[in-house]
Structure formats: structure tokens, C-alpha cells
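Take a look at the structures listed below.
Look at the two complexes coming up: chain A is in both, with chain B in one and chain C in the other.
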Partner chain A sequence: MNNSNFKIDKKNIDDFVILSISGYLDAHTAPLLEQELEKSVKDECYKIIVNFSDLDYISSAGLGVFMAFIEDVRQNGGDIKLTNMKEKVFAVFDLLGFPLLFDILNEENEAIAKFQGN
Partner chain B sequence: MLLNVRNNNFICINADSAELERIRKFVLNFAEKFGFDDITANKIALAVDEVCTNLIKHSYKYDSSREICLQISTDNNQFSVLILDDGASFNPSSEISLDMRDYLANFRRGGLGLHIINLVMDKIQYIPRSDDFPKNRLILTKYIK
Partner chain C sequence: MNLLSNISKPIYLSLVAILIFLRFSVDTIFYYILSQDSFIFSYWTFFSSILILSAFIYYFFSEQFEKNNIEYPNEKFVYDFTRIFYLQLFLYLLVIFLPNNDKFYSFELPYFKFLISDVSTIFFALVTIYLAWFMFIWLIRKKHKRTKLYLKIIAILITFLLVAELANYVFFNSLFLNDLISIYLNDLISIFLLTIYVLTLLVTKKNNWITQLDRKPKIRLLLVSLVNLILSLLLAVSVIDSDGFLSRNTINFLSGANNFLGAVVLALNAFSLRIFLAVIVSLPTATIVERKTSEVFSLTYLNKFIAETTSKTANEILRMVTQLALNASGSTAVWLEVYNNGTIDIGATAQISPELIKDFHSDKRIGNIFTTIEKPVLVESVPENDEIKSFLNYFPFANTLIAIPLFQGAKRFGTIVAIDSEEYGFEPEDVAVLSAFADNVNLALENQRLLQESIEKERYRSEMLIAKRIQKELLPQNLPEFSKFQLAAYSSPAEEVGGDYYDVARFADGAPCVLVGDVSGKGMSAAFYMAQLKGAVHSITPQVNSPKDLLIKLNNILFGLMDKQSYITLVCLKLDENNDSVTFARAGHPPLFLKKSSNLQTIKPQGLGIALVGNELFSNYIEEVDIKLSDGDIIMLITDGVNEIRNSSGEEFNFQRVSDFLLSHNSSAQKLLKQFLHNIDEFKDGASQIDDLTVFTISFGCYNNKRG
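Up next, the complex of A and B:
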């Protein structure tokens, strides 16, 4: 799924899904991520990893997408784990205290290990 | 200082979310040249993005024929962005600050944009439109340390 300035690559590994997002996540592009997370929840895939390695920007519209799904996903025994954030993107999460609610990890493998209980 | 228009520090865009990227690049370029570090410049561009997103959504109700104009000005240690619109008047600094612990604990949504603007910027001035000047003026200022 992509837009000229935002792209999502999706891969399924075992019972979790990894969404690698790139570009700019703002009010224009956030609906694309919302659709993708909606699809995962509808498919009852509640173990979700979002890899931010190629994401250059996030605004409140992007943060709002994660807020929209986290409760539902956790109530179903899953989580949305966020990985590989650039410093300037993490700074936006941190500005609002989002690390209190979201599991933000350095590497995708750490998120996989956490889901596997290692 | 403000509205002393020079070509390269003033842009107008249609009120369309597809234009947000252009707005951010415009602000980032000036903020970095002024001397802000990468992270602070990004936060200033974010605050301006949040203002424009709110205008597009709430003030102009996605009518992309409407217009938003921006002007950057600098003076000693201060960097200001003037944002002009002709929608209903709304002062973004009048919102009560969010309690983020409560917000996150209760999985709330919305209202983060205004909170970001207030967290990032050092000074927010708002002058609603009047008979003398037909546009609302919002001036966001950040001081460089």
C-alpha cells in the first residue's frame, strides 16, 4: 500500500504481522495505516510490529492511529510494538509521553522475542 | 516585522492535506538555516503542521479551494511563523492543557495537535480577523538558546 510520500510493506511471520512504514505519516497519509491496522484486527492478527526505520516524520494524526487500536489489540492478548525509530520521530513520541503506553524497541528482533516470551 | 512580505519567506497553499508536506519543508528549511538542530526544527514544522491540519479539518471542513498563508520572520534569537486564514476565529492557545497520563491511561483520542503546539512553541499570539484585517493571524514563536 503506498502514497507518493508514505508506504507500508507488510509481512506475516508465524502469528504476527510486521508493518514496515516509510516516508511521512501525517493527516494526509494516516488513513492508509489505519486501513492496514483495521485489516489486521479484522483478521484477528493481534501481534503487530511496526518498523519505523524508514519513517522520517510523524504528526498527531499518525499517533492517533496507534491510540485507536492499542486498547482493542491488548484486550485480545496482543500488542502493537514499535521498533527502529529515528531520533526525531522518537522525540515526537517522547514529547507526549507515549513511551509510557507503547513498547518502543530498538530492533524488530527484540519485538519478535518479546512476543515469543523470550 | 510581520507582513513585511518578501518573496521567499511567504507561501500560500490550498487547504488540502496533500500540501502539508510542502508546508513542513518550507518551515524546516528556514528553521535549520536559522540554527535550530534537526530535532527542534522538526518539532517547529510539526507545530505548524498541526495548526494547518486543524484549519483544513475544522475551520475549512476540507474545502480545498480555501487558502492558508505562512510567513517566516526572524529577529535576533526569535523565529516566528505567521499563519493566516479566513475561517472562523479560534485561538489554539486557549485550550486547557492535556494531562497525558490520564489521556494515555484511558486510551483517549484527538486533541493532541493543540497540545503539541503549546508544548513546542515558546509564545503563541492570536489576533482574530476584524474589519481592519480580514484574516485570522496566529504567530508561533520559538527562541533559539
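Up next, the complex of A and C:
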């Protein structure tokens, strides 16, 4: 898999960062997402929404990326919320028990609402 | 010749010395006995002269024949030709400073003059034979089509001159010589001399070698050939002209060999003339030729050196290149500076102290002047260039400079700086040459780097093979056998090593514990965690009695030991032979596939992956299930490498295909595994495996007897 199979679109709405990821997220492309999340944390944007609507595949290394940052983000009063997952991608998260650890939602709006509700 | 060549050189020379001594002694005796020239004296000088000359001729020429194949480099010729100049000069000084014989007959001279003339004549003969020998071997070395013919003719003519003259003086001179014969003879001699002169001019034709000489030897050759030309003419006149000093002496003491000797000196004159003219013609190209030769030599050498870089370090390459650049450009000094992360280092220097350059580099204003150039720069006059005039503070002798940037890819990694003490001392060609050098430096360093890389790659590869072997040994080579359960397993990493794991251990109560796991990621890091996992599994299993407890304890140990983003998924089965059941717990791993007659279930008790969260959350969440088994039941455990297999059209294997396979197959564990792997291969259809892949099959009960 080369990097061209994976893309991140980043937009900021209010104090939310929305990362829309597409393609394949595996051991080779995971560092791209890692950099993006690292940047957000560095910029003190802790309210992160990752939109999975165009993501076709996620591997164990891809899952690991979220684990790497979640602790840091939550300690700063933020969260990483995952939205718009395809069924297949959700199955991978589900297998690992991620629904217990992360808010996995259907739509970006729900995630924003959830952030604001907190 | 063979007879004589057996005599050693010192003995031979001693014999010659004795011969010469004998000659002088007898001459002295004659001087005091005879009052005027007589036949006896003539015969004596004739035979003794023949003997002495033959001895000399033999001495020189036999040596030449023996050493026919030795090298005679052009530089040595210049040196020898210079020696001939000294010999001729000495002879001519004798002619000038020795009192001329105003008396025709030697016995009328005072004894002192008699002896001096005698000695100088022998010396003259000696020198002349040496000259003849010298020209002979040189012309043989540089022979052309007609050399041999011409030399033969010259030899015949000279021999004739010698014999005729000797005969003339010895046999006819004292008799009444017919005037007519004498005139004819003299005319003939003149014609012969002229012929020899022309033939020598013709034979000295091959002078291309002169153009290849360096400038210095060439200028030297020019001067030497000019003076040799003049001196040989003067000597020839003196020996051929019957009133000349040498002529008279020769007539008296070498009985008529004067025309023979004169012919040799004349030949030398022709020889010198040809060489002088050749040098004159080739002189303007001398500098260019010298430079080109040096360039070609250096570049050739550099290329050879580069081909051998396999064994050289980068520093050795820089040093060699700097030295060769100095030779090729003819500069006063050369250095090569190298840039590393903003600092300037000295790669190598030639003819200049590194201390000077260090001082220069430490100058903040001008020290980094070369780091920014993108193209070769030629500063013809440093003192006239305001920008870098202060360069002279550090290098007072650097009146001209060339700087050639070195690139590795697009990266500027250094500069070759060549300086010369002479303003306008460099030519544009020098820039071209040094640029060629720069290209070669890059090539050499690149070669060297690639070589190092391939060595490292090779080492890495062999280490990976070792790792692969070790990891293979971490997985059970043979699975244990049980009365009711049959086990089979297969594991294959996507790279040399991987993060998949399977094992069979024993719980505290002795019940078998089957594990299948997958460390996140793949390759080396996964392999290390996998080894760590195995260690933890084997230390904990004997302390616990349930899969759930095992997974909780594993999480307890491994959480915090692993990277935040690394984790392990694991399934654990306890095989209970007494109750015909298994206990199953799952930590984030793909589900267990259970086939009961024609019914297929995927069993997925909840459980987080290991090392994702702390123990409280982990243990609160994890569940454990008991599964009752009956004869013919099949269990399959896989890692996600199986369901994520893709075929060439990008289709995933999926859990569904695992289920479908199990529904349509009924075999004992081992056979089932084989069939399943075959099924996978068929699906893959040549596509490559992207993730580590493990399959563990368990069959229960009635397959026991039909296994095979």
C-alpha cells in the first residue's frame, strides 16, 4: 500500500478539529494520521472528530494510532470521537472492544452535539 | 664475441688501460730514439691505434648488443645528449687552450707537447667512438623503414674512410704519392663525408617523441642540441681541415684516422641539427602537451582508483583526489573542504597546511565564501578582486584560485579549492579538468556509499534470517496429542518475522491451554512483543485455572510495558477432557468458529485487546464462556491475517468464507488445516500476503481414530 491510498482532510469548526480520512489506514499510512493528531494536540485542539465515511480499511496499526493519543487528549478535557464508520471498519473496532473506549457515532453532528453536551 | 664476453668488465678495462699505457710508453721511447718520423713509428701508431679503437668499439657496441631490449626512455636521451655536450666542450677547450702544433711532424715538438697531443688524440678517438655508439643505439631504438639500410651504408663508408686513410698515411704517404691519386682520393673522401652527412640527416627522421616531452626537458634539449650542433661543427672542421689541431694530432698519433673521426663528428652535427629543428617546431606545444599528459595520467589513475574504492574509506578517497587534482592542474596547493550541518571541515589538503585553512574558515566574513557557489569559479587575479582580496591575508601566495563545488544529488557537500601563486596562472582548461575531477569524486563517494549500504543490507538480511529462525522456534514445533482433542496449527509471517502467536500451555490444574494471539503491527517490533508475550504466558499459565484469569493477568503485566499504540489480541481456550467441554475467553481477537454437525457459530464473548487499558476496565469487561462439545465438533481459531486476505481483485476473504469453508468440510484437525490452507491459496490466486496469518484447528472426539 502506498501513501496515495490514504488521505486526510482537515477542517476546523469552532474549537473542533474534524479529520476526514479516506482510503487505507495501515502500518504504512498510520504515521500520516499520527502526525495530524500530534499537530492538533500541539495546537491544543483537544476536541477531535475523526470522520471515517471514506475509509475502506483499517489495520491493527491504524487502530493503535487512536490509542496513542486518547489519554493525552482526555487529560486535557478533550476527546477523540469517531463517526461515519462503514460496517466493515466498525467490525474491526468492535472486535477489539473499542466501542467501550471511544464514542463511535453515526454523524459528525452527533459528535459535535456530544462535545457540547459535556 | 662469446670469447670476449666471458671476460669480466674490470679485466677488460684493465687490458685496455694497459694497452693505452703501452702506447704512451712506446711513443715516449720512439720520441727519444727517433729524431724524425719514420716507417716504424707509422706502423706502430697504425697497429696500436687499430687495437685501441677496436677495443673501444667492441667495448661499447658489444654492450649494446647484449642489452638490446633494455628501456631507453626519452628523458635518458636528454640526459645522455647533455653528457655529449660536456664531452664535446671539453674536447673543444683542448683545441682552444692546448698549444697548436705549428710543426707538421710530431718529433719536432717538445716532449711535453708531444705527449699532450698523443693523450688528447686517444681521448678524442674515445669520445668519437662513444658518439658513434650513442647515435647508433638511439637510431636503432627510433628506427624507421630504411634505418638499417642507411646505417649499413654509413658503416661501410666509415669503414672505407678508416681503411683508406690509414692505408694512405701508412703506406702511401711516406712514399711518393701520386698527386692525381691524392686529389681523387680527397674528392672521394669529400663525397663520402657529404653522403654520410645526408644519410645521417635521413636516418634521424623519427622525432615525434620530442613533442611528447615535458616543457623543461624540451627546453633543455633545445639548448643542448644547439650547442652540440655548433661544437660538432667546430670539431669537425678542426679534424677534417688538414691544418686543424685535431687533424694534425690525428695524423701524427692515430695515423690517418682523421676522416673517420671527422665523419662521426659530422654525423653528430647532422644528428644534432635534426633534433634541434624538431625541438624548435614542437616547442610551442610543450606546455599543452605537458598539461595534457599529466591530466590524462591523473584522470586515468583516478578512474582506476574509483574502480578500487571497494576497499577505501571516504577519507582516503578525498585525500587521493586532492593529490591528483594538484598534479592535474599544476597548482601550487589544493584543498577539499566538506560541509556537515553548517560546519566546514577539511576533507584533505595537498601542499598546504590544514592550520592555515582552519584559520581561514574561522573568519566569519570570508571563511564560508565557497559554501554558496553553485558553479565552478575561476578568479584569475585575487589581488584585483575586491570581493575576496582578504583571502590573501590567509594565503599570501594564492594569487589565482579555482573553486569547484561538489554535489551529492542536489546537496552541496563540499568544494575543491585550487590556488596558484602566479596571477592569471590558471587556464580555463584547468577549470574543466578540476570539474571532471569533481564529478569523479562524487562517483567515487557514491560508489563507496552504495557499497557500504549493500554490506549493511547484507548484514541486516542475515540478522533477519536469524531472527526468523529464532521466532519460528518460539512457536511449538510439535503440538501435544490428547485422547479427545486433535490439534493442528499453521502460522506464516508476512515479512521475515511477525507478531502472530500460538501455543499450547498447561493450567495449574494440568488442563491444556490453547492460545492464539496477534501483536498489532508487523515486522520486528511485533516480533519482540510476541516473544515477550510468550514469556508472560508461560510464567502465568501455571498459576491460574481459567482463560479469563490468564488474560487479565497478562493485561496486568503487559499494560504499561508496551507502546501506547501497540496492543495484543488474544484468545484462550481451556480444553476439558473430563467434561467434554472448552472454556473460552477473548481479548479483542477475531471470534472462535465452532461447527456442530451442520451448524456453524461464531462465538465472541466480550473482551478488550491486551495492553489497551488498565486492569480495572479490562477485568470488568472481559467475559468467559463454556462450550459443551460432542463428537465431530470442530473449532477454528484465526488471526485477522486470515479474514483480511485479499485476492488480486481486492476482494477480502472475510469471516464469511471461513464459515462457508467449515460448513462444507468435515475432517480431523490436521486434514482440515491442510484443506483450509489450500482453500486460502486458491482464493489468493497469487496475490501477496500482507499480514501475518495464523490458523489453529481443533477437532473433538470421533476423528481420533481416523486421523491421518
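Please note the rule applied: the second predicted complex is superposed on the first by the 114 of 118 C-alpha atoms of A that agree within 3 Å, B and C clash if a C-alpha of one lies under 4 Å from a C-alpha of the other, contacts with A are read in each partner's own complex, and residues count from 1 in each chain.
FYI, a contact is a pair of C-beta atoms (placed from the backbone, for glycine too) under 8 Å apart; a residue touches a chain by one contact, two chains touch by 3 or more.
Only a predicted model underlies this, so the values are computations on that prediction, with no experimental measurement involved.
Colleague: After the overlay on chain A, what do you see for chain B versus chain C, clash or fit?
Modeller: Here the two partners, once superposed via chain A, clash with each other.
Colleague: Applying the document's definition of touching, compare chain B and chain C: which contacts more of chain A?
Modeller: Answer, by number of touched residues of chain A: B.
Colleague: Could you look at A:Glu87 and tell me whether it touches chain B, chain C, both or neither (first, second, both, neither)?
Modeller: The first partner, chain B, only.
Colleague: Quick one: classify A:His28 as touching chain B (first), chain C (second), both or neither.
Modeller: So A:His28 only meets chain B here.
Colleague: For A:Asn5, decide between first (touching chain B), second (touching chain C), both and neither.
Modeller: A:Asn5 contacts chain B only, not chain C.
Colleague: Quick check on the superposed pair: does A:Leu101 touch chain B, chain C, both, or neither? Answer first, second, both or neither.
Modeller: both
Colleague: Overlap of the chain B and chain C footprints on chain A, residue-wise?
Modeller: Common to the two interfaces on chain A: residues 26-27, 57, 59-61, 63-64, 67-68, 71, 92, 95-97, 100-101.
Colleague: Would you mind writing out the residues of chain B in touch with chain A in their complex?
Modeller: Against chain A, chain B makes touches at 17-18, 20-21, 24, 38-39, 42-43, 46, 49-50, 53, 56-57, 100-101, 104-105, 107-110, 112-113, 115-116, 119-120.
Colleague: Report the residues of chain C in contact with chain A in the complex, numbered from low to high.
Modeller: 518, 520-523, 563-567, 569, 588-591, 604, 606-609, 612-613, 617, 621, 640, 644, 690-691
Colleague: Along chain A, where are the residues that touch chain C in the complex?
Modeller: 1, 26-27, 57, 59-61, 63-65, 67-68, 71, 92, 95-97, 100-101
Colleague: In the complex, go through chain A and note every residue touching chain B.
Modeller: Chain A residues touching chain B: 5, 24, 26-28, 57, 59-61, 63-64, 67-68, 70-71, 87-88, 91-92, 95-98, 100-101.
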